[in-house]
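First the structure, then my questions, so here it is.
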Amino acid sequence: MEQNLTYEAAYTELKTIAAEIENESVPVDILAEKVKRASFLIEFCQKKLRATEAEVTNIIKQMEQNT
Amino acid sequence: MEQNLTYEAAYTELKTIAAEIENESVPVDILAEKVKRASFLIEFCQKKLRATEAEVTNIIKQMEQNT
Amino acid sequence: MEQNLTYEAAYTELKTIAAEIENESVPVDILAEKVKRASFLIEFCQKKLRATEAEVTNIIKQMEQNT
Amino acid sequence: MEQNLTYEAAYTELKTIAAEIENESVPVDILAEKVKRASFLIEFCQKKLRATEAEVTNIIKQMEQNT
Amino acid sequence: MEQNLTYEAAYTELKTIAAEIENESVPVDILAEKVKRASFLIEFCQKKLRATEAEVTNIIKQMEQNT
Amino acid sequence: MEQNLTYEAAYTELKTIAAEIENESVPVDILAEKVKRASFLIEFCQKKLRATEAEVTNIIKQMEQNT
Amino acid sequence: MLITQPIKLSDLTTRIQQVITDAFAGQTYWIIADVTNHSFYREKGYHYFDLVEKKEGAGDIVARVPAMAWGVGTTRIREFEFVTGQQFRNDINVLVKVAVSYHQIYGLQISVQDIDVSFTIGRLEQQKQETLLKLLAENPDTIQKIGEQYYTKNSRLPLNPVIQKLAVISSNNSAGYQDFVHTLDNNPFGYQFIMHNYFTAVQGETNAEGILQRLIDIFNAGIAYDAVIIIRGGGAQTDFLLFDTYKLGRAVARFPIPVITGIGHQKNETIVDLMAHSPTKTPTKAAEFIIAHNRGFEEKIINLQKTVLIKSQQLFSTHFQALSALNTAIINQARTMIATHKDELTGYNQLVVNEARAILYNKQRELLAVSGQVLSKPKIMVANRRNDLQNLVGNLQAFSRIYFQKKQAYIAHHETVFRLVSPVNILKRGFAIVYHNGKVTASPDAITPGSNIKVLLTDTEINATVIAKNTTDGTEFNI
């Protein structure tokens, strides 16, 4: 998965998802998927905030395995 | 149950049936059939919604544990 | 009873007969016959309606149990 | 009694006779004959009317039981 | 009495005789004969009228009994 | 008296004599003769007229009784 | 050679002392002068220096006096340094209150009693304003002033959402640096940072070059730092002047990575602060700023998370409600439809019943009307005919009466005519009929005198013989 995800990109994607959900343009069918993605992005940002880069790469790998 | 029915498709069909019944454009001959279909669609949508809700709730729980 | 008579067809025929009788365009010679036919159609429609009602009520009951 | 006489035909003939008598275009020679014919037609029509009424009343009774 | 004399014919002949007498086109020699003829015709017409009246009255009586 | 003399013939002859006397100069020797003839004819006509009148009056009286 | 009696040096110095004391004792003077040859003995608290006056415009010294400060003077200088941020050192221009004295060993001495803080502040401020004006004038592309606010290329740089990779310019192991690192490392949120240290001296005006060099090093390192931190490590609250230099100000203003300062200046901001992206008061504050910034980002993310959660739950609720509404609508409408149809059927039933009866009733009425017509009229007809007949009989009677009257009249007319022309009547009127040879004659020719004629007069016959015969003109009876 996304090796080079930045805070910027994550934040932008997160805002898009939030906006989509906010104005109810997300079909129920993919809502869970969207929320999952949002959850991943938030977790990514938070982990990245609290870990060093090397650690982060490692964590992302694990997250991807869990998904 | 139909294999590839989505919530959106089901909901759209449901609204169409409701509108048809509302403006009485449904022949009495197939009214029962239409109501049956509506019943099926409502159940389908509710199941789908509950499933999605459960999934989302699950994700949220995980998120809250992580935060 | 006619094999393939639908409610709609019966109802349409009934309306026609009613209109004919209303503007007195029915000859006396076939009045009894027409009234007989109307009587049959009304009974047919009523039976059909009752059946539909029963069916719908049944579906609704099931829906309410599911809700 | 005439085999295939209808109410409508009888009534039409009756009205013709009535008109003829009214504008006195009936020769005295056949006046009695015309009146005889009219008498027959009136009786025919009344019988037919009574029969139809009875039949209709009967059907209506049945309809009212069904309602 | 003449076999096929009708009321109408008799009446027409009567009127002709009257007219002839009026404009004096009847020779005196046959006047009496003409008047005699008129007398006969009048009697004929009266008989015919009486007969018709009786017949009509009879028919009406019967109808009134039936009504 | 002449056997077959009719009123009409008599009256015609009378009118001829009158005309002759009126228009021509009838010699006196035949004037008397003519006048004699005329006198006869007049008497004939009057008798015939009276007879016919009596007959006609009689017939009409009978008619009125019948009417 | 005039030789006066020599006196002891001490006598002389005593006299000098006497004169100076007489002249200056108890008196103090405010003078403006530059400081040179300054040295400070921390243990004793002694400042030694020269006060010089330079010729305006040139550097030539016009006057020079050695001076010192101790006791109260030293205290005042320390206060001065603290308040102004200006170290008491060479080449500063000061306004000092001095007393003049003479010491037999150390000679003429000017001792500093007080130093005017506001004079120096004014001077420094003046310098600073000049530098700022110069920065604005010479770098119009990178530095602008709008209102009281300075905007630079650096201050306009967007901060990354998270400030995590830092280049720190500071003096090695200074207290400020320690504070900064400690604050970051012990942040309550567990944020991790990557810090690259670019140590250099951050005191003394001359070290501006050092800081400049470190900035260049950072730039050349090619590392995508989120921010450059310039912090000044604690110690004496003096010597900020290097942060007011034109060079450093310009470098910071133009630097392509956002600069966060924590210089520790309590009062006015330095030029570097004004040019930097985010000035803070102290290294600790700088660290707190970074943590707050990152926290802000995390809060934004958490808010988005909340939005996602709340909204998806609302979405479910909305959908459940919509489904329920549709369910209700369908149920009600289906029931309504059935009820409507039932009513309509009943209506039609009623209609058929009523109208069928109405039709029969109307037909009955029609029939009665027609039969009434048929039955009443024939009698009238017969009566009319009878009348006609009676009239005819009347006519016949009348016509025959007239007929006979007319016939009688015709005959009567002829009778009258014949009566008039009858010879009987003619004879009565005086005429006579003449017979000749047994025949009636109207011609006199055959009659001659002597002829026998018979004359008929009314009812008398006369037989006569003719005697004479004369002709008359015959005009007697012409009318």
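Letters A, B, C, D, E, F and G name the chains as they come in the text, with residue numbers starting at 1 for each one.
Going forward, contacts are C-beta pairs under 8 Å (C-beta built on N, C-alpha and C of every residue); 3 or more make two chains touch, one makes a residue touch a chain.
By chain, with names taken from UniProt: A, B, C, D, E, F = Exodeoxyribonuclease VII small subunit; G = Exodeoxyribonuclease 7 large subunit.
Everything numeric here is computed off the predicted structure, so don't read it as measured data.
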| item | value |
| --- | --- |
| Shared interface partners, meaning chains that touch subunit D and subunit F | E, G |
| Longest centre-to-centre distance from subunit B, chain (CA-based) | F |
| Chain pair, F-G or E-F, that carries the greater number of C-beta contacts | F-G |
| Rounded Å distance, subunit A centre to subunit E centre (Cα mean) | 124 |
| Centroid distance [mean C-alpha coordinates] between subunit G and subunit D, Å | 81 |
| Subunit C and subunit D, separation of their C-alpha mean positions in angstrom | 34 |
| Mean-CA-position distance for subunit G and subunit C (Å) | 57 |
| Shared-contact residues (touching 2 or more other chains) in subunit G | 302, 305, 309, 312, 319, 327, 331, 334, 338, 341, 349, 352, 356, 360, 363, 371, 375, 378, 382, 385, 389, 393, 396, 400, 407 |
| Touching two or more other chains - residue numbers and ranges from subunit F | 49, 52, 56, 60, 63, 67 |
| Contacting chain pairs - touch in the sense defined above | A-B, A-G, B-C, B-G, C-D, C-G, D-E, D-G, E-F, E-G, F-G |
| List of subunit G residues in touch with subunit F within their complex | 389-390, 393, 396-397, 400, 404, 407-408, 410-411, 414-415, 417-418, 421-423, 433, 439-440, 442 |
| Interfacial residue positions of subunit A with respect to subunit G in the complex | 7-8, 11, 14-15, 17-18, 21-22, 24, 26, 28, 31, 34-35, 38-39, 41-42, 45-46, 48-53 |
| Touching residues (chain side subunit F, partner subunit E) in the complex | 6-8, 48-49, 52, 55-56, 59-60, 62-63, 66-67 |
| Subunit D partner contacts - residues on subunit C that touch it in the complex | 27-29, 31-32, 35-36, 39, 42-43, 46 |
| Partner subunit C, residues of subunit G touching it in the complex | 324, 327, 331, 334-335, 338, 341-342, 345, 348-349, 351-352, 355-356, 358-360, 362-363 |
